[in-house]
């Protein structure tokens, strides 16, 4: 892999931003300041980072209900995200979307999606745009392991193969769909199942940024050669509950502790780059500090920001009336 | 295979009935006496016969828009069917269903279905009834090759595996979905794709009654052992157009002639049983004659029958109002 | 009589009907919960909002069936099971998910009886949450009853109190037609008197929650409670009659028409989006059947023609308010 | 002016807009047809009813895209393509199939703009056949416009003539919002004058197809033609004004109200099932806004609350008839 120092720093920046941002959101949620439901991404940071690092604003991602990590990785503004989660004026969606509908189309982030499996057909469409225009861009469909059981995901996979669309299905196998273990809900291995649609499919360690990144590079190359879609199953458990407030009775008691100790994507990344000497600890420590400040400022400002103006209720339904 | 003479005769009876019934319907359609759309099954007779021969009225089938063959094989009354196709009083559905909604739930025939892929979830439900009641019955989901690209079919396959439901997915690979060759619309082999859901899956020659029948016996045994679903992909081309009146520009000119010469399920059956000496030609010839009379009487009567009474417009929407 | 929450009332109805009839089964995502998780966890969830809590422990995995995230397969399986002798109650969690499985509801379950000339019944219930007010935004807050009510073959239930929720759910399960049972998420924690024993409330019979002479308010679901509050507040000033149809299909047109003939004034409150909703339906009914009794223009109060906004202040503006209802009633008396 | 069929008019609109704007693409099942068949067959179908005939030959496989039978993927792909710069026209063949893909229409395409605070547009068209009269029975004959019209964010088009079909399709393609374009299958072979050059008919502007003073008929889709015939037949006796709203969303409420204020009498004819349909909507509109102008009870004419029956005699009874319309108009004048 040919990542230069800037890229490595950027990978770490993404992951640290996600961790810091969501840690603060979790805290705020417990304090009662975050309206509605919120699903946190912590534990899966290397997936978003590995998938999105080399995408440009002309590449697209279609995301899930667990979308903050994807947003951050795709370059959405943290301050705008914080405003959106608190549903305030100036949020990425003017406060009208919230956590489950956060989007920034100008950044190629086509939206979190509160409908499980909703993203995959949309990604096919974004890929179709690239293909129709003869551009070498790709579209990523994020899907949870649970979402792969939704008819929309299957249809999108088959259609992407048939039309040779430059789609990458990033399956996030995080062990659960709501309160049900993934093993209960899927009749077979997801990589095998994806491959059976007639596309390249790989399973990677989703806590290892480098593994995800490499699989993604290969998928992009494949798409650019006109060979159509790839499925990348990224295995990385979530650390938090399905949503904030989930009592998690379905989980082994020590699972989260074990994950924190042995499957922390940030720690795994740090250890690798330090061991190889590609970065030094001070680089990363400095980033940690910068990001803490950035997130603190963003969230503090969002907490203080005004709610959307009442007139906003009736705008943005149609472009023309 | 342990088929006695009665069973062999019954298999042939089913196939000949389908052939005779639909040949007459095709003729009537051309004459303008059949209202609405009609999709004929000719060429695929061995599939319906092989799948349904050993099912009882307590076993269920959920069918497709190309459902006459399934109806006949499941034991629906030919006279009632003819009345229904002409949408007359006394039809299986009182004339309110027509070709695409023909059903006889008392016979375990849960309906043709004008929604492609509509049947598979329903078959899961019928299988769930058997399972909940602890009975050794099965439910068959018929699906065209085109229908396997519909999300509902995928969902049903996965759910049947997860819940170990006694469902048999009878995939009818007849080469086309409407005016599109199946090869265009599916990214991979359907047997492989079905197997990837985690179930037993086999591909059989759908023009060979014995091949279908044997696969079905194995599938039933598997279901009875509590091992859940099986997919049987039956390869047998349709001889007629997608619907009656289809100009079939998408078809090789000589394809149908070739099929009639080399892939006639009735002829293949006849040759096999005669060669093995299990039946003699006279048995079959006699059946041919009987069935011609039966079908002629049924259709002639249906043509003469009265339309439904006008009051029927408003009945049967609800059980209770 | 014991006070129970709306949530508990539905749970009790499900539990009693399951005890009463072995053909009743539940199917949905996480309605048991914990399957495939740590040992012993199965049943620990009982639905995302706890409505099916405990039923897995009482009735086991054969009758409380967790599924993959596959709504078409869930509803289709319920329909297929209903045709063949069971009485399934399928949960869609949020009714907003009907968009991925509507075919199995509206083209299949709702139409079998008619298409098949009466040769089958489809006794099933599809239940799920509806309504705004929880900050759940555009894809988890919709009303949707106008769409279900439009479809011939479906019965549509929209309870406004714990008492009605129990009785209507029992009727829904016993009913031989497919029933859409809509649970307003904001009502789950409201409490009310709920008799212990099973009872069924017939469909198509409106509840007159307040009797009055000056103005008729027809309100749906959560809006019934708003209308009641307004009626109570105005007591002494304006005499308001409040009707809760309880089922939007069948609709109790008789009681509505009688009431309007008596009061001559009509306000209809429907939380749904305004075009082709139940408020339009009721007003059209009254205009076509009882025009000459109207002393003033009927007033329609609905959400605006927009998706549900995420911001709490906007969501509050989105939902019809007691103030708007009160003002409408007052206007009619001018 | 050349006489063209309704089918040809739509084809021409598609063809001209594809020529005009390279971002317009078509996607659906068999809209080219023949793919994967014998060599040279690609493009031989042009849609099940021939509406897209020839376009594959003109614009090739990159812009006339046949798909597997996967409606959610088709509509979702159209939505995703629309968000990212194309102007896709997705075909559902029979609109009745919306049940397998409604989520992508109503929760996705229709809501993006609002949910995302205006930060995207979704310029797409979903087109397909609607309506009874072809013996296609319960799952291939539905009206469905009330359901689409209920959804904020969708525009809904229901042309009644070849001329309008062309102009409205051109507007639909140029419009920056998602548009549901409903083609009544019984109208495909009707002919009318259709100008050669491209023209767009704005949405939300009703067409006054007959001017009159005694009775207003608001009719939708195919029913406009029935209403026109009735108006013509009654000429000399009763002066009937016929309004064709052309789009059910947005609805031209102004012209409807003006007309009723002028005539004082209203008949609304909607082929859709009766509960929460456009007839209810129009009558409710008039009752809430123009009650005092009504000289008689408005009359609603719709299909019954049943699925569409297969038998031709029953189907004829199902569809609102000219006789019923004529009788209603006559009754209003008594």
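In order of appearance the chains are A, B, C and D, and numbering begins at 1 in each one.
The definition used in the following text is that contacts are C-beta pairs under 8 Å (C-beta built on N, C-alpha and C of every residue); 3 or more make two chains touch, one makes a residue touch a chain.
Since the structure is predicted, the reported quantities are computational estimates derived from the model, not experimental observations.
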- Item | Neighbouring chains shared between chain C and chain D, ordered by label | A, B
- Task: With one step meaning two chains touch, work out the least steps from chain A to chain D.
- Result: 1
- Which chain has its C-alpha centre farthest away from the C-alpha centre of chain C? B
- Separation of chain A from chain C, taking each centre as the mean of its C-alpha atoms, in whole Å: 35
- Task: Would you mind pulling out the distance in Å between where the CA atoms of chain A average out and where those of chain B do?
- Result: 45
- Cα centre of chain B to Cα centre of chain C, whole Å, reads 39
- Item | Where chain B touches two or more other chains at once, by residue number | 93, 95-97, 101, 113-115, 149-152, 155, 158-159, 162, 184-186, 317
- Item | Junction residues of chain D - those touching two or more other chains | 67-68, 70, 72, 96-97, 99-100, 103-104, 107, 114-115, 137-139, 152-153, 304-307, 309-310
- Among line, ring, star, complete and other, the chain contact graph is complete
- Note: in the complex, chain A contacts chain B through residues 149-152, 154-155, 157-159, 161-162, 184-188, 192-193, 195-199
- Query: Along chain C, where are the residues that touch chain B in the complex?
  - Reply: 23, 25, 27, 62-63, 65, 67-68, 70, 72-86, 88, 100, 103-104, 107-108, 112-121, 152-153, 155, 175-177, 250
- Interfacial residue positions of chain A with respect to chain C in the complex: 35-37, 87-88, 93, 95-98, 100-101, 113-117, 146-147, 149-152, 176-186, 249-253, 307-308, 310, 312-314, 317
- What residues on chain A touch chain D, complex-wise? 60, 62, 91-97, 101, 103-106, 110-111, 113-115, 118, 120-133, 139, 151-152, 155-156, 158-159, 162-163, 315-321
- Message: Which residues of chain C touch chain D once you look at their complex with the stated criterion?
- Response: 72, 96-100, 102-107, 110-111, 114-115, 137-139, 146-147, 149-153, 249, 251, 272-273, 275-281, 283-289, 291-292, 294, 296-300, 304-307, 309-310
